[in-house]
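Read the structure below first, then the notes.
Going in written order, the chains are labelled A, B, C, D and E, and every chain counts its residues from 1.
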Amino acid sequence: MEKLITIEILTGAALLTPLISFLLCLLIPVRFSWVVTIVAPILLLISTSISIYLFVVVPNNTSLLISIEWFHVAQYSFNGNVEINRLSILMMPLVTMISFLVHLYSIGYMVGDNGTKRYFAMLGFFTFSMLGIVLSDNLLMIFIFWELVGFSSYMLIGHWIEKPASASAAKKAFIFNRIGDAGFLIGIMIVWANTQTFDLQEILHMSEIYSWQTAASLCIFCGVIGKSAQFPLFTWLPDAMEGPTPVSALIHAATMVAAGVFLLSRVFPLFTDASLQVVAVVGAATALLAALSALNQFDIKKILAYSTISQLGLMVTAVGVGSANAAMLHLTTHAFFKACLFLGAGSVIYALQIANRQTENFDVQDIRNLGGLRKKLPTTFFTFIIAAASLAGIPFFSGFISKDSIITSIWYWSGNTFSWRWLLLVAIFVVSFITVLYTFRMVWFIFFGKEKQSASAVTEPPWILRVPLLILASASVWFFIAWSPFNPSGWFTTLIGGLPDSILVTSISGGLVLLAFVTAWFVYTYKKTQIKSLRILQNGFDLDIAYQKLVGQSTVQLATVAETVDRKWIDGFIHVAAYAQVSVAHVVLWFDKYIIDSSVNAVAWLAGVAGSFTRSFQAGKIQLYIFWAVAGLIIFLFFILI
Amino acid sequence: METGLSETLELITKSILYILPEVILAAGIVTVILIGLATKNKSQNLIVWVTLLLFAASLIFTILNWSLYTSPVQLFAGMIRSDDFSALFKILFDVAGILTVLMSMTNDEIRETKFKSEYYALILSAVLGAHLLTMSMNFILVFLALELLSISSYVLAGFSTNKKGAEGSLKYFLFGSVASAIMLYGFSILFGLTGTLDFSSGDFVDRLLNNQTPLVFVAGLMTLAGFLYKIAAAPMHPWAPDVYEAAPMPVVAFLSVVPKLAGIAVLTKFTLAINLFGQSNFDWQIILSIVAILSITVGNFSALWQTNPKRMMAYSSIAQSGFLLIGVVCFSIQGIQFMLFYGSVYLLVNFAVFFGLQFFEKNNVNSIPSFSGWGRSHVMVSVVMFIGFIALAGIPPTAGFTAKLFIFTSLWSAYEQSGKDILAWLLVFGLLNTVVSLFYYLKIPYYSFIKTSEKIESPKKTNPENYLALVLVALVLLLFIRPDLLMGWLNRINFVL
Amino acid sequence: MKLIMIIFYVLEVIAGLSAVCILFTRNIFYGALFLIVCLLSISGIFILLNAEFLAVTQILIYTGGVLLLIVFGVMVTGKLLGKPLVVNNKYWLLGCILGASVFATLPKLFSDVKFYSNNSALTPEGYNSINQIGILFMTDYVLPFEVTGILLLIALIGAAVSISAFTLFKKL
Amino acid sequence: MSQYLLSSLIFTPIAAALFVLFIPNEAKKTFRIVTLAISAIQLGLLIFIIHQTKDSTFSSFLLTEKANWFSIDLGTWGVLQAEYFVGIDGLSFSMVTLTVLIMLIAGISSWTIDKNVKGYFILLWILNGAIVGTFVALDFLLFYLFFEFMLLPMYFLIGIWGGPKREYASIKFLLYTIFGSILILIVLIALYLSVQNPDVQDRVVHTFNLIHMTDAANYITGSILNPDKGWMIGAHSARWWAFVLLFIGFAIKLPAVPLHTWLPDAHVEAPTPISVILAALLLKVGAYGLLRIAYPIFPDIATSLSWFVALIGVISIIYGALNALASKDLKRLIAYSSVSHMGFVLLGLASVTTEGVSGAVYQMFSHGIISALLFLIAGVLYDRTQDRMINNYSGLSSKMPMYFTIALIGFFASLGLPGFSGFIAEIMILLGAFRSFSANGLIHESFAIVATAGLILGAAYFLWALQRMFFGPFYIKSEIKPSQLVDLDKREYSMLLPLVLLILVFGIFPQILLDYINPFAQHFTDSVLNAVRTIQNP
Amino acid sequence: MFPVEHILYLSALLFSVGLMIIIIKQNAIMVLLGIELLLNAANLNLVAFNQLQPQTFTGQMFALFVIVVAVCEAAVGLAIVLRVYKYYQTSILSEISELKE
């Protein structure tokens, strides 16, 4: 008992330390803004340590509920319950640790920025909100924190206030999330109307399955679509790369976007078979489209963003096929290697920006401007390549294990007889194939090949940027997850639960990855001429239509189609919708101004006309007055008598 | 026959006590004229104070006379009747007289006229006419009192020293003469039908009941024409705007209150009789409702685009007649009580507004747009006028609202009892017109407070009459907060009509 | 009896005709004269109707007083202008509509009605109406009588005020 | 003392207005100090009220004061009785609290008023008293009195101290609201004709008592609004018409689409403190009237027309938001956002579920403080540049970082970000509206679903405005020097920070207010639904 | 006994002619004549009806008062007409219309 109290307090401490960091950062005067760079990471370190301590200490199958009533309306309670269970115990250290590393990294990365205060405040606030999602045992509370992470994401994407692009990206991110959240909210309302509670304890442990659950779960899934950038709402994520790179690492790769997958796992019992099928299809479609898009990007961060979307799609598919555990595993591994990749990209950007300060209009994020950096940036290169290998799913890296378990689950799910589920399986194989291709392409262009002019003055960034990279990279190796590089069973499975395993699938996927690696090597490394031609052709394209002409190869062609769909149709639809909305709004305003208003004016006018009619008897002629008066009487007379 | 004669004479001598206020006023007319002759009209103050004194005496005796009777008393062989109903009106007339005199004291046109004593004598005689009109129970006296009131008013309306004054006076005269002639014709027919001139007598009602022909209706309508002309209700209203525009401000204030209330008093008595206590074949309720609807609508809508404040007030007074008529339309004691309440409030409010208008007139503010900006330099008087206007419109927190509320309530209960659609329409029109009336009632406050103007002349300081207006407005506010002060009093009155 | 009836009818016709003539004449002066004729014949009717006192009053006050005033007024206004005393007509149509509707309605209504009458006791012989009227003035009608006095005073004052205003502002 | 708490709350400012008549116009400081003093006294009274009522439940009326106002004998027709009857329940309490707080803020904000200070403050105080009076009156006539009493000071406050188009705006405001109040007056007359005081047995006493009006047993047999055998007017019962008239009357105040067009003009032209009062308090009067009068008195009609009320609510939400999106003027945008937010109140009200009604009341309170903050924000900028057009600014955050922070908070609070009070209100309303169909069958679920679109649109227009005004490179169209564009000063902090704090406190600890609102909401839903049951199956 | 109806018809004629004169004739003094006709019409009625109850004098008394009133009206009216004439130099009514909208 005594121990449990300690756990409660510790959980509270872990949750609230980032909030304290947020408040402190706000309250520290601008003059002392350097203080925040010390205070915030320290507080996060404390939070991280507590989380790791809890992770170690709390027994695996604990489900500890801390009841807090937030408010109540009549007999209905709105609780702020905190539940410490296997998922939260896994997520807490994950979130805090990556957050801490990003804090650390940001100290170096954000040097000289005049919005440091705001930046660290929002990082702290984000961490707090994210922990809130993780710990809440209440659908409403999850929604609240869900919105709050959206807000911090908004603030951090728009951190560079003077940049118009970042402002519009921030707005876009928030609104896309809001659209998803509206669905989430409807889901919440359905749950409320049927159960009058938001406590997941009660909702998830219902004795039977009700028909409303399909609707409710699909609506909640809408929230996931928004937050985890699933098809068709994923376009905000590439744009969100306008924010500082550490933010992209923390929020738009490792944690926030993964919150959707977490939520799916959290409320998994609520999902019915029908809704799960929708989830799986959406996830697979996202994974495929995003992978194709990633293959077509030149911006280093956008490649990573699309790859994130694609990986999130994988996770969602995993949940959809009923293997939430596999999704959680991939979420964990992905968090580390993707954070590492982003931070690595960040340190490349940082180094190149320092080196090319004098060069104008130099886009450091364009991989075509990069090359041969492996010698200049050895640490970055080393960590980057580990994380990239993990992303590509090369055996002996964590990504392989997690992706393998996802594919295995889909394999089992798709069954032995042919059905549409096989298509999904094929799609996932294609995705993991393409993943290797774009990962290889990215790594190759950045670190291999000839050293560019731009790379001449590049030096390694300071240690504070490199340490997080090393830590994250080390977490991307297989033994971080399990002892066996081909089998997921390890600490994770003991914590979360068993995962499907099949040697057949493992070997197929391993073989596929190797095949893909070879293909990629063949395309990008062996046939260097092709890369050159690609680069030469690229110089002529800054338009999408021209871009289409470039691509002769089927994959690239497909990728272009995907992007066109993305830009022209989905984004275009949103734009059209937005334009339509704005023009409707204008019509409405016009209506307001001329019809409704003028009807009021018309009434006034009518009153005036009536007035001038009654006045017209008043011409100043006394005899007419008398006539009208007497005539009035006579009219009365006839009116009554006849 | 001989003994009867002496008894009659004795009764007459006794009756004189009951008409002491009227005697005072009548004697006052002569007194004022004589003072005027003696001082060659030079001593304005003496005349004014004597007139005030006379009105005050009349007022006091009217109140004191109340103790003389517990039930209505027939006087002068049924010519007049002293009762609570008329006593109340008489008080209102005397108050109006006092206020008119006070207003005249500072009016430039009246101060400059050569006929001060005549002016005040005419006011006295007009009030005397009003007194007699409310008391009279006989067509002869109705006719005489009405003419006394009218002829005084014709001359008063022309007291302006300009062209327009003469024109207004002429128009008033012509219209009034025709109206009273028509009324007289009605009287003559009613006399033929009933053989009596005493319209409160049982004979009058009985004989009409037994002889209900269309002619009764024609005669009644002709008679009403005269009364409607007095209260300036449609369709007998067209004279009002022209006359109001031409007349001096105190006269306008006087005309908008005293003849109107006197007319409504006699109209009430007459319609109660002609309606034969509800047994008439002709629905006088409908006639009066139509008149009320017409008056309210015509008055309000015509007032909308007026630029002359006096003219606007003329139309407003037409509309207010319509509202007063609603009280009569109900044909119930509550209706009449509420009408009295309405009338009292109307008197106070109207005088408050006219005090304000007179102040502005002195400062050459003669059209509504020229009120621009005055609200800011002359806050008190503008606020007083503003409260007056919202009271006329019937918005809380003024007794105007309470009065309208009461009037509509009695109308509603009349509707509930009779179920006549016309009453519901009257209610609807009344309410809608309340909105319409805001358009013009708020015009002057709108200009004076919200519009700005560069050229505001140097204010004439110390205007005692403005404080008087303030008192009136305060009374209006008080009557809103405690309407039972007046209503309680009205309730206690024994209304035998 | 018959003669009296004839006189009665003749007087009626004269009264009616002269009234109509006022309508059709365009000279104010003639109009005033026609009115005198009309009023005189009415006073004749009054005599026939046993209202001798009234008839005398009618002749004295109306034909003597009112019409003198009017003729005086006509002369003054006519003189000042130096124009012929011709009156223009306007609103013919309106006037005719009004007059016709009144004249169409009233007689019709009158003929349908039985007026109140109480002639059980006919006028006694030698009944002195003037005496009775005198007594009535001092008894039942004393208040109207007094009021009439005040009315006359006020009319006097009023007329004086109006006329004096007229003389006062001669300079205008 | 405790006996006359509410009266003192009402009459403190009105008494001050009378007292101050004798102070010359030039003593600007005196007026400011008196304003603060009034608010201080009112705050003190409020705290005393909280103290007095801490052990009582707020489902019934507390601190009632009852005095005969006037009673007039109508002979055979009975007695007409009006009372000075005030009292507070949860709804009144929250609204009175809001009034006191907003009036304090508006008082501070009024320091910038320069012309005709005396008149301004006197009107402000009268307004203050009238608003408090409206919220505590339990006699319909008294309510109507205060209701009207608000109108004219407001008219002049807009008309005299307003912006360039103030004349048009003030007239429009006046006409709309007078029209509404006439409709209410009609129902007022019909109601008191129909209701008698049950406490007096021997004769019919017509009463304005709002509590008596809610009880179907108090209706005189055969009277026009009798629930059992009321009159028919056309195709509908008189009660139906009465409810519709009341609804229109209050909807104008609310304002609900399509009766809202007075609002943007009035808001835009009014001086900042008046905009604040208008948005924060006057709009609430409409909703208050529906909650206090229309629904409890006509539960049968109200529930049968709930779908319509909800429909109007949803239309207001969407329509207001669309308009806000198209607005180029900051104040106009905020005004339209008010339309949108007050639509939620209608939706919550129409649901007649505990959470829906609680949410509606909470929204009234929360919108009060949030819209006050937003208008103050707009006012801060307007004070500096005399320009309200959104497109005439860009990148303000670099020059005015604290202002940016506060504006950010205000905008996000308004778009319903959790942690701010608006979220609690809107979520409860949506939950209630959605549950209504299964709980009492009044309004369909689709209303709640469509209303969520309002949340998306809300984010769109606020963020778009935020992006245009505060992000990007610095630019202003106004011809003032950038050096004049200073950040917030102390006075502005003293208005803005308390509001921010309140928004946060009520967003994070809603129970503080819900303790007062809940009993009301529960009592409201129970009594309305019970009344419907008893009327339908007597 | 004279037929009352005849007198009534005459009075109706006088009344309608009086009204027509008032409306049609442009000269103010002619209008005054019309008013006198109206009053006389009423007087005729009163006297005629008095015939139906010969033992009373009510109608006659009324008629007497009416005559006095007619005098007063005529006097005041004429004074007013003269005053107007002074200002406007005309007694044509349609030209005396400064007071209007």
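Everything that follows uses one rule, which is that a residue touches a chain if its C-beta (ideal position, glycine included) is under 8 Å from a C-beta of that chain, and two chains touch if they have at least 3 such contacts.
Just so we're clear, the structure is a prediction, and the values are computed from it rather than from any experiment.
**Q** Moving only between chains that touch, what is the shortest number of steps from chain C to chain E?
**A** 1
**Q** Please indicate which chain is farthest from chain D, where distance is taken between mean Cα coordinates of the chains.
**A** Max centre-to-centre separation from chain D belongs to C.
**Q** By count of C-beta pairs in contact, what is the leading chain pair?
**A** After counting contacts between each pair of chains, the winner is C-E.
**Q** Of the chains shown, whose Cα centre falls closest to the middle of all protein Cα atoms?
**A** Answer by centroid distance: D.
**Q** From the centre of chain E, which chain's CA centre is farthest?
**A** A
**Q** Averaging over Cα atoms per chain, report the distance between chain A and chain C in Å.
**A** 105
**Q** With centres defined as the mean C-alpha position, give me the chain A-chain D separation in Å.
**A** Result: the chain centres lie 39 Å from each other.
**Q** Suppose each chain is reduced to the average of its Cα coordinates; what separation in Å results between chain B and chain D?
**A** The answer is 43 Å.
**Q** Rounded to the nearest whole Å, what is the centre-to-centre distance of chain D and chain E, using the mean of the C-alpha atoms as each centre?
**A** The mean C-alpha positions of chain D and chain E differ by 65 Å.
**Q** List, in ascending order, every residue of chain D touching at least 2 other chains.
**A** Each of 175 in chain D touches at least two other chains.
**Q** Do you know which chain B residues sit against two or more other chains?
**A** 140, 144, 147, 151, 154-155, 158, 166, 169-171, 174, 178, 182, 192, 195, 214, 218, 241-242
**Q** Which positions in chain A are in touch with at least two other chains?
**A** 604, 615, 618, 620, 622-624, 626-627, 630-631, 637 - these are the residues of chain A that touch more than one other chain.
**Q** Can you list every touching chain pair?
**A** So, checking each combination of chains, I get A-B, A-C, A-D, A-E, B-C, B-D, B-E, C-E as the touching pairs.
**Q** Quick check: in the complex, which residue numbers of chain B touch chain C?
**A** Residues 5, 8-9, 12, 19, 26, 29-30, 33, 75-77, 79-80, 114-115, 118, 121-122, 125, 128, 132, 138, 140-141, 144-145, 147-148, 151-152, 154-155, 158-159, 161, 166, 169, 192-195, 207, 211, 213-215, 218 of chain B touch chain C in their complex.
**Q** Quick check on the complex: what are the chain A residues that touch chain D?
**A** 70-74, 76, 140, 143-145, 147-148, 151, 154, 158, 161-164, 166-168, 170-171, 174-175, 178-179, 181-182, 185-186, 188-190, 192-194, 196, 578, 581-582, 584-586, 588-589, 592, 596-597, 600, 604
**Q** Please give the residue numbers of chain D that touch chain B in the complex, ascending.
**A** Counting only chain D, the residues touching chain B are 69-75, 77, 80, 116, 119, 144-145, 148-149, 151-152, 156, 159-160, 166-167, 170-171, 174-175, 178-179, 182, 185-186, 189-190, 192-193, 223-224.
**Q** Okay, in this complex, where on chain B does chain D touch?
**A** It is residues 332-334, 376, 379, 390, 395-397, 401, 405-406, 408-409, 412-413, 416, 431-432, 434-435, 438, 442, 446, 449-451, 481-484, 487-488, 491 of chain B that touch chain D.
**Q** Tell me, which parts of chain D touch chain A in their complex?
**A** 172, 175-176, 258, 261, 319, 322-323, 325-327, 354-355, 358, 395, 397-398, 412, 417-419, 423-424, 427-428, 430-431, 434-435, 437-439, 445, 448-449, 452-453, 455-457, 459-460, 463-464, 466-467, 470-474, 509-511, 514, 518, 521-522
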